[in-house]
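Next up is a structure, given as C-alpha cells.
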Amino acid sequence: MSNYTYQHFNVTFPPEQQYVAHVEIHRPDKLNAFIEAMWLELSAIFTRLSSDPSVRSIVLTGAGDRAFSAGLDVKAASEGLLSDSPESDLDSARRAAHLRRHIVSFQDCISSIEKCEKPVIVALHGIALGLAIDISVAADVRLCSSDVRFAVKEVDIGLAADIGTLSRLPKVVGNFGWVKEVALTARTFGAEEALRVGFVNRVFGHKEEAVQGALELAGLIATKSPVAVQGTKELLNYSRDHTVQEGLRYTTVWNSAMVQTKDVSAALLSGIQKRKPTFEKL
Amino acid sequence: MSNYTYQHFNVTFPPEQQYVAHVEIHRPDKLNAFIEAMWLELSAIFTRLSSDPSVRSIVLTGAGDRAFSAGLDVKAASEGLLSDSPESDLDSARRAAHLRRHIVSFQDCISSIEKCEKPVIVALHGIALGLAIDISVAADVRLCSSDVRFAVKEVDIGLAADIGTLSRLPKVVGNFGWVKEVALTARTFGAEEALRVGFVNRVFGHKEEAVQGALELAGLIATKSPVAVQGTKELLNYSRDHTVQEGLRYTTVWNSAMVQTKDVSAALLSGIQKRKPTFEKL
Amino acid sequence: MSNYTYQHFNVTFPPEQQYVAHVEIHRPDKLNAFIEAMWLELSAIFTRLSSDPSVRSIVLTGAGDRAFSAGLDVKAASEGLLSDSPESDLDSARRAAHLRRHIVSFQDCISSIEKCEKPVIVALHGIALGLAIDISVAADVRLCSSDVRFAVKEVDIGLAADIGTLSRLPKVVGNFGWVKEVALTARTFGAEEALRVGFVNRVFGHKEEAVQGALELAGLIATKSPVAVQGTKELLNYSRDHTVQEGLRYTTVWNSAMVQTKDVSAALLSGIQKRKPTFEKL
Amino acid sequence: MSNYTYQHFNVTFPPEQQYVAHVEIHRPDKLNAFIEAMWLELSAIFTRLSSDPSVRSIVLTGAGDRAFSAGLDVKAASEGLLSDSPESDLDSARRAAHLRRHIVSFQDCISSIEKCEKPVIVALHGIALGLAIDISVAADVRLCSSDVRFAVKEVDIGLAADIGTLSRLPKVVGNFGWVKEVALTARTFGAEEALRVGFVNRVFGHKEEAVQGALELAGLIATKSPVAVQGTKELLNYSRDHTVQEGLRYTTVWNSAMVQTKDVSAALLSGIQKRKPTFEKL
Amino acid sequence: MSNYTYQHFNVTFPPEQQYVAHVEIHRPDKLNAFIEAMWLELSAIFTRLSSDPSVRSIVLTGAGDRAFSAGLDVKAASEGLLSDSPESDLDSARRAAHLRRHIVSFQDCISSIEKCEKPVIVALHGIALGLAIDISVAADVRLCSSDVRFAVKEVDIGLAADIGTLSRLPKVVGNFGWVKEVALTARTFGAEEALRVGFVNRVFGHKEEAVQGALELAGLIATKSPVAVQGTKELLNYSRDHTVQEGLRYTTVWNSAMVQTKDVSAALLSGIQKRKPTFEKL
Amino acid sequence: MSNYTYQHFNVTFPPEQQYVAHVEIHRPDKLNAFIEAMWLELSAIFTRLSSDPSVRSIVLTGAGDRAFSAGLDVKAASEGLLSDSPESDLDSARRAAHLRRHIVSFQDCISSIEKCEKPVIVALHGIALGLAIDISVAADVRLCSSDVRFAVKEVDIGLAADIGTLSRLPKVVGNFGWVKEVALTARTFGAEEALRVGFVNRVFGHKEEAVQGALELAGLIATKSPVAVQGTKELLNYSRDHTVQEGLRYTTVWNSAMVQTKDVSAALLSGIQKRKPTFEKL
C-alpha cells in the first residue's frame, strides 16, 4: 500500500477490510477543530483516494473520545478571515471579492468528499458541530454513536453556514421544517433525533462500535463490483440534482459503457457457482 | 411599535418575546375560512413585516378554538370565481385567461409568507383544510396541537390544489407516496401522522401550548444575528430549488457581503465573555 | 368493458370497485421475473389504460404467493443483452450505441406507469428485487404485506441500476443516506423498514390484505372527480422535478382550463345535498 | 378610453391604430433620464396596460429630439443610492441587504414591460444609454432611427449593469462576443451595427419615421387574434428560458385551453370570406 | 436496401450519395399540406431511419414546384380538431384534456426528426408556411431556393404555434426581436432575409439546385465516421438545452465510450496514407 | 511584475497597455499544436492571472506566422490516449472510466480561460483547428486576421469534439444551423464567414494588426473599474446558462456587495472633472 502520510490526518488500510481506507481527523487536543491547513489536507487525501485503484470505499472518523470535530477553529478564524478589520484599507466590494475566492476554495475542499469516486461512510461521535455537519453531508452514509451532539452552529457566530450544510442538508434529510429549525436556532440534537429524521442511518453504543460498524459497511461495499458501486454513487448524486428524465438520460449514456464490464459475467457466474466473485481493479 | 391594524387579522408584538410579531387569522365565526379580501390582507401584512427592522421572526395562528382555518370560503367562491356560469359570454380561452390572472394573484398573496425575509412559524390547531395547507407549506416551521385535523381537501371540490400545496408539499415532506395519497384521496390526517412524516416539527397538547411553543421558538430565533438568520432562510429556500453546485455558488456570493457584518465579532466576543450578544437592526 | 388480454399479465376490472383496473404480473412459475416481452406488454397495458375513459385508477400486483417479482430474468438476460460476447465483431463504441438504444427503450416501458394519467397503486409481497423496485418507484403509492423482501439488487450483478431506481428512489424517499446504503450494498430490507423510511405507505398482514387494501384505496380515488385526480397526479410529478416557482406557474396554466370543469359545481352541490357526486367520464 | 395620466409619461391611444397604446417617456429637458419616481410610474403603466382589454399592443418612445433616454439620472442617484456615504452607520452586510431590496424593486419595475401580456415595440432615437438598454431588452421588438447612439454604459460608472441588460441582452442578440465587447468597454454603437447584430429589427431615417413604423407594426399585431398574440408572446418568452422539451410541454397545456377560442373559427371563416376578422376583447 | 414504401412520402436512396436517404413529402396537389395521416407517417419514417445502419444522413424535401408545404391542411383540421363544436357535450376541462393528448401526439411526431440519430438537412422551396416551419426547425440544417416564401402563419388562424416553432425557433435563430416580429405578425419573409438572420445556411437558385445542394451536404456528412457524426448531433442538441457545465459533463460520459471506436485509428491512418477512410456500419 | 516563465508559453506585460497580460502559445515549429504538458501549463497560467491584482485583462495569441494552433498534436495523442490498444488488458468499462477522468481533466484546463476572472481576448490567425476552437470559445472576445482558416476538425479524426466546442459554440454563435454544419462536416471557414455569423468580432489585415487590435481592446477594458469589469464578465457568463429571472436574482446579490465599491464615486467624480479615473487594485 502506498504511503499516505499527513500532518492532521491518519490514513490507514485496515487489513480485515480489503480495499477500505480509514481516514481519521487527528487534532484531538483541539477537539479536531479545523484550521485552513486541515481542509487543504482533507481535499488532497480524498482526491488521491478517488483514483487509487486499491481503494473501493472509505471511512472517515475523528480521533479521541470527545469529538468527531468541534467544527471551524473559531479562534484561528477570528484572527484571520473572520477578523473584525482584515485588509482594512480595502473597500467593501474588494473585501467581498477576496472573501468570495476564499469561500469558493474552502467549499471545493469539502466537496472533494462528494467528488471522490468511492463511497464515503462517516462515523460520528461526541461533539460534531458546524463544519462537522458540512463534512458529514458531503459523505454518502452517516453513522453515529449514542453520545453524539450535533448542531448546525453557524448562526451562533453570526453567519449563514456556507461550506455546504445549507446546500446539502435539505437534500439529505427530507424534512424541510426540521432542517429549518435546526439551522435557524443552532440548537443541539442527539443520536435518536438524528436517526428519526434520517440524518444518520444507524446509532451504535460507543464510538468504537460506530467506527467498527462503518468499517464493516465499507468492507461490504468493497466486496461488490467497483464498476457497479462507483456508477451507483455517481448516478445517485446526479439524480439528486436533476429531474427524473434527465437522470434517466444520463444513466443510459453512463451504462452504455459500463454494462460492457466483465464484472457482470463474473458476478453472474459466481452467483451460479455460489462463490464470492473477484473483480479487477478500477 | 408601528400600527398594524387589519380587518381580518390581529397583528401583535408580544412583549415577552422581543422582535417577534404574532399574526392571527381572525374570522372565527366562519372557522377562519378565507375570502379574497383576506388573502390580500395576508399579503400586505407579510410584505410589511418583511422589511420592518423591529421584527426578526413571525408566528402565524388562527383565532378561536375550533379551527386554524377551514380553507377557502367555498360558499363565497362558488358565487364568484368557481361559479358555474361566470362571465358566460366569454369563450373558454378568454375565461382561461381571466382565471389564470386570478390564480397568479392568489398564489402571489400566499407566497408572500415564503418571500418574507424573516422566518415564519405556524401553529396549527383544530380544523386545517385546503388553503390552510397551502399557507402552512409556505411557512418555515409547522407546529400543531394534538386536536388538529388536516386535509388536502381540494379534490373533494373537483380541483387540483393550485395555491401552493402541490408545488411545495413534496419539498416539505420527503415521502412522495404519502404526499400522493393524501392529495389524491383528500383524507384527513392528524397530529401524530403529521409528526411521523415530518409535516410538523412538534405536537403540543392544546392550542394554547402550541401557540406558546411557536412564540418561544420564534423568540429564540429572534435572539440570533438577524444577518445570519435571514441569510439562512434565503439560502435554504434557494437550495430547495437548485442543485448543490448552484446552491454553493449562490452562497459564496451571498456571504461575500454578509460575512462582513459586525455581528460576527459581536457573537464571537459574547461567546468569550459568556454573555448574550446584541445585534443592530436589519 | 373492452377486452384486455395479454400473455404475461391479467387485467381485470373488479366489480366492487367502479372505474378501477387491476393489472397482475402473471409468470408465477418464474417468480414473475421479467423477460423483454413482458416489459413491452406492461407498457402497452399502461398506455392503453391511460386514455381509457372507463378507468380512473389502477392497482398493480404480482401473481402467486412467493413473489411480486424477482426482477429481471437474469438467465434470459445473460443469454441476450448481458451476454459476455454479444455482437463480438463490434467495437466498444458501436456496442455502446446499441446498448444505449436498448436501455432507452427499456426505461420508456417502465416509465409508462409514471406517464399513465391515472394513479397507480402497487401492492408488493414476497420477493421484490431489482426491477421490482424500478417498477414500484414509477407508481404513485406503494403498499406491501409483512412478508415482503425488498432489495435494490443490481450491484450484485455488476451493474448500476438503470431502469429507474437510481433516478426515482431519491425523490420517493427523503432519506438520502438510506437510499445510498441500500443501493450500494444490495442488502435486503423488509416491510417495517420500508414503512419507516417512507418507501411504502402501509403494511398489511398478508398478500391478500395488501391487494385488497390497494383496491380499496384505488376505489376511493376513483370516486373523486377524474379532472381533479388526474390533475393532481400530473402536478405532483411536475413539482417533483421543478422549482416551487416553476411548479406554481405550470399549475396556473393547467388549472386555467381545468377549473372550468362541471365537476366543481357537481362536487359543491353534492356537498350541500350530502350525497355522493357523479362525474362524467374523462 | 380610460384616463391614463402620469407625471413623467404621456400615454395616448392613436386613433389610426385601433387597440394600440403609445407610452412616451416625458422628461425631455433631462434627456429623459430616469429618477426613481419614473420607474415606479413605468411599472404602474405597463401593469395596467397588461390587463386593459382595449389594448392589444404597445409602443414605447422618448419625448424630444435628442434622446430616447440618457439612462439613470446619475446626479440624482449619486445623491441617493450611489452616494459615497449613505447610511454610514450601517455595516457592509446591512448596507448590502438594503441595496438588495432596492435593486430587486428596481428590476421588478423594468420587468413589468416583459411581464405585460401585450407585445411592446420600442422605437429608439438619439441618445440611448445604460438604463435605456435595460428597458429595450425587456421589450419584444426594437426599432430605431439612424441617429441613435447606444451604449451599455454602466462600467463607466463603476458598475456591472444590474437592471436587466446583463441578464437579457445575451438572449436577445445571438453574438456573445459582441455582447461582451460592448458591455466590457461601454463603447458607443450606432444603428447600422445594431441592425447587423440583431439588436434592432429595422432602422428608419428619422425619429418620426421610427415612431410611425413602430405604431404601424403595433397596429398590425393589434389586428390579429389577441388570444393568439398574447399566447405567442408568453410562449416565446417561456421558450427563451427553458429546454425545447419543457417548452413543448408548457405549450400543450397552454393551448389545451387556448385552442378552444372562437377566434380560430372567426379567423378561418374570414380567410374563406376574404374579409378582415374581428375578435372579442381579452 | 430495404423497402420504404409510404402513402404520402417517397423515400429513396440516391446512388450517387452513399448512406444518404431522401425523404420527399408527396401530396403536391394540395401543396403538400399535412393531414394527420401524414405526420404519423413522417414519424414512422424518421424513427425507422434513425436506427437503419445503412443510413448516415437524411435529406427532406417537398414534391412539386409550388410548395415545400403549405403547412397544416386547414380545411381538414377545421372539420376535425379545430372544429367549432367538436365533442360539444364535453365541458371545457374535458375538451382541454383531449386537446392536450392530441397536441402531445402531434408534437411527438414532428420531434421524431430531432430525435433521429442521423443529421437531417431540409431543402425548402416555394410556399413554406406554419407547420413547414415547425418541421424545419426540428431538422439540423436548412437550405432553400430563392423563390421560397416563409411565414410563421399560426396567429393568422387564431393560434399560438404549438408543434415546435415557438419552442425551437428562438434557439435556431439568435435574433429574438426578429423571431418575435415574424411570430407576432405572421408576415412573409424570403430567402435573403432567412439567410441574413441565420434561419437558412445557404440560398440556391432553384429548387433542383437546393435539393442537389442538400444531397451533397448530406453526402459529405455520410463520408465521415458515423460514431463522430451521431455523437456531434446528440451533443449539440444537448448543449442547446443545458448549461456549459452540464454540456461538458454529459460529453465526458458520452465520449468515454465513443472514443473507444476503431474509427479514430481508421481516420488517423487514412490521414497519414492520404486516402479516404471507410467506417463500419452503426 | 512577477515572473511568469513557462516552457510552451510566453507571458509578457506590454508596457503600452497598463494592467494587460499577453499570453502567447509558443511551439511554432509544430504549428502550436498541443501536447498534454501544454494544456496543463495553460491552466496554470490563467489560474494565476485570475487572481493577480496587477492584471485586468488578457490577450491570447499564437507564435509564428503560420498558425494560431493546429489543435491537438494528433501524432502525440495517437501514441497516447487515442492509441488503438492502450491498456489492452482493461475491459471497456474500465477504459471508459480512465478516459472519463482524462477528458474531465483536459476540459478543466481549457475552462480555466472561462473561469479566469479577467476578460480574455483571443487574436487568431493562420491555421486554427480543433482545439483552437475549443480554446477560442472559452475566451470572451475573438478577433482574427484575414488569413485565418478555422475548422471544427474533430469529426475528421473520428471524434465528437469534447473539450468545449460542442458545449460552448452554440452559445457563442446564435446560428444553430451553421454550428451544426461546420461541426458535422469539419469544413474550413475563413475570416469573412466568421465575422458574418458572429464567431469573431472584427477582422484585421495581418496577424500583427490583429494582435495589436486585441492589445488595444484589452487596454481599453483595463482602464475601467476592475470591480465593474470583473462583475460584468461573471454576470454575462452566468446569464448565458440561466433563465432571465435567475440572472436577475444572482445579479442583485452580486451587486449588493459590489455597488459599495469606491469605484462608483471615483468614476462619477472623474466624469464631472473630465479626467481619467484611477481605480485601486482588485
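The chains carry the letters A, B, C, D, E and F, assigned in the order they are written, with residues numbered from 1 in each.
Simple rule for what comes next: contacts are C-beta pairs under 8 Å (C-beta built on N, C-alpha and C of every residue); 3 or more make two chains touch, one makes a residue touch a chain.
This one's a predicted model, so the numbers in the text were calculated from it and none came from an experiment.
Visitor: Starting at subunit E, how many touch steps does it take at minimum to reach subunit F?
Guide: 1
Visitor: Show which chains lie in contact with subunit B and also with subunit F.
Guide: Under the touch definition, subunit B and subunit F have A, C, D, E as mutual neighbours.
Visitor: Considering only chains that satisfy the touch condition with subunit A, which of them also satisfy it with subunit E?
Guide: For subunit A paired with subunit E, the chains in contact with each are B, C, D, F, in label order.
Visitor: Specify, for the interface formed by the sequence copies subunit A and subunit B, whether it is same or different in terms of residue numbers shared by both sides, with half as the dividing line.
Guide: different
Visitor: Centroid from C-alpha atoms only, then distance subunit B to subunit E, rounded to Å. What do you get?
Guide: Here subunit B and subunit E have centroids separated by 48 Å.
Visitor: From the C-alpha centre of subunit C to that of subunit E, how far is it in Å?
Guide: 35
Visitor: Which integer distance in Å separates the CA centroid of subunit B from that of subunit C?
Guide: Inter-chain centre distance comes to 33 Å.
Visitor: Where in subunit C do residues touch at least two different other chains?
Guide: 92, 95-97, 171, 173-175, 198, 227, 240, 245, 253-254, 256-263, in rising order.
Visitor: If every chain is a node and each touching pair gets an edge, what shape is that graph: line, ring, star, complete or other?
Guide: Complete.
Visitor: What part of subunit D is in contact with subunit A in the complex they form?
Guide: 92, 95-96, 245
Visitor: Quick one: which bits of subunit B touch subunit F in the complex? Just the residue numbers, please.
Guide: Within the complex, subunit B contacts subunit F at residues 250, 253-254, 256-257, 260.
Visitor: Going by the contact rule set out above, which residues of subunit B touch subunit C in the complex?
Guide: Of all residues in subunit B, those touching subunit C are 74, 78, 81-82, 84, 92, 95-97, 99-100, 103-104, 107, 111, 114, 154-162, 164, 166-168, 170-171, 173-181, 183-187, 197-198, 240-242.
Visitor: Across the complex, what residues on subunit C touch subunit E?
Guide: 51, 90-94, 96-97, 101, 227, 230, 257-263, 280, 282
Visitor: Show me the residue ranges of subunit C that touch subunit B in the complex, using the header's touch definition.
Guide: On the subunit C side, the touching residues are 119, 140-142, 171-175, 198-201, 217, 220-221, 224-225, 227-229, 231-236, 239-240, 243-245, 247-248, 251-268, 271, 279.
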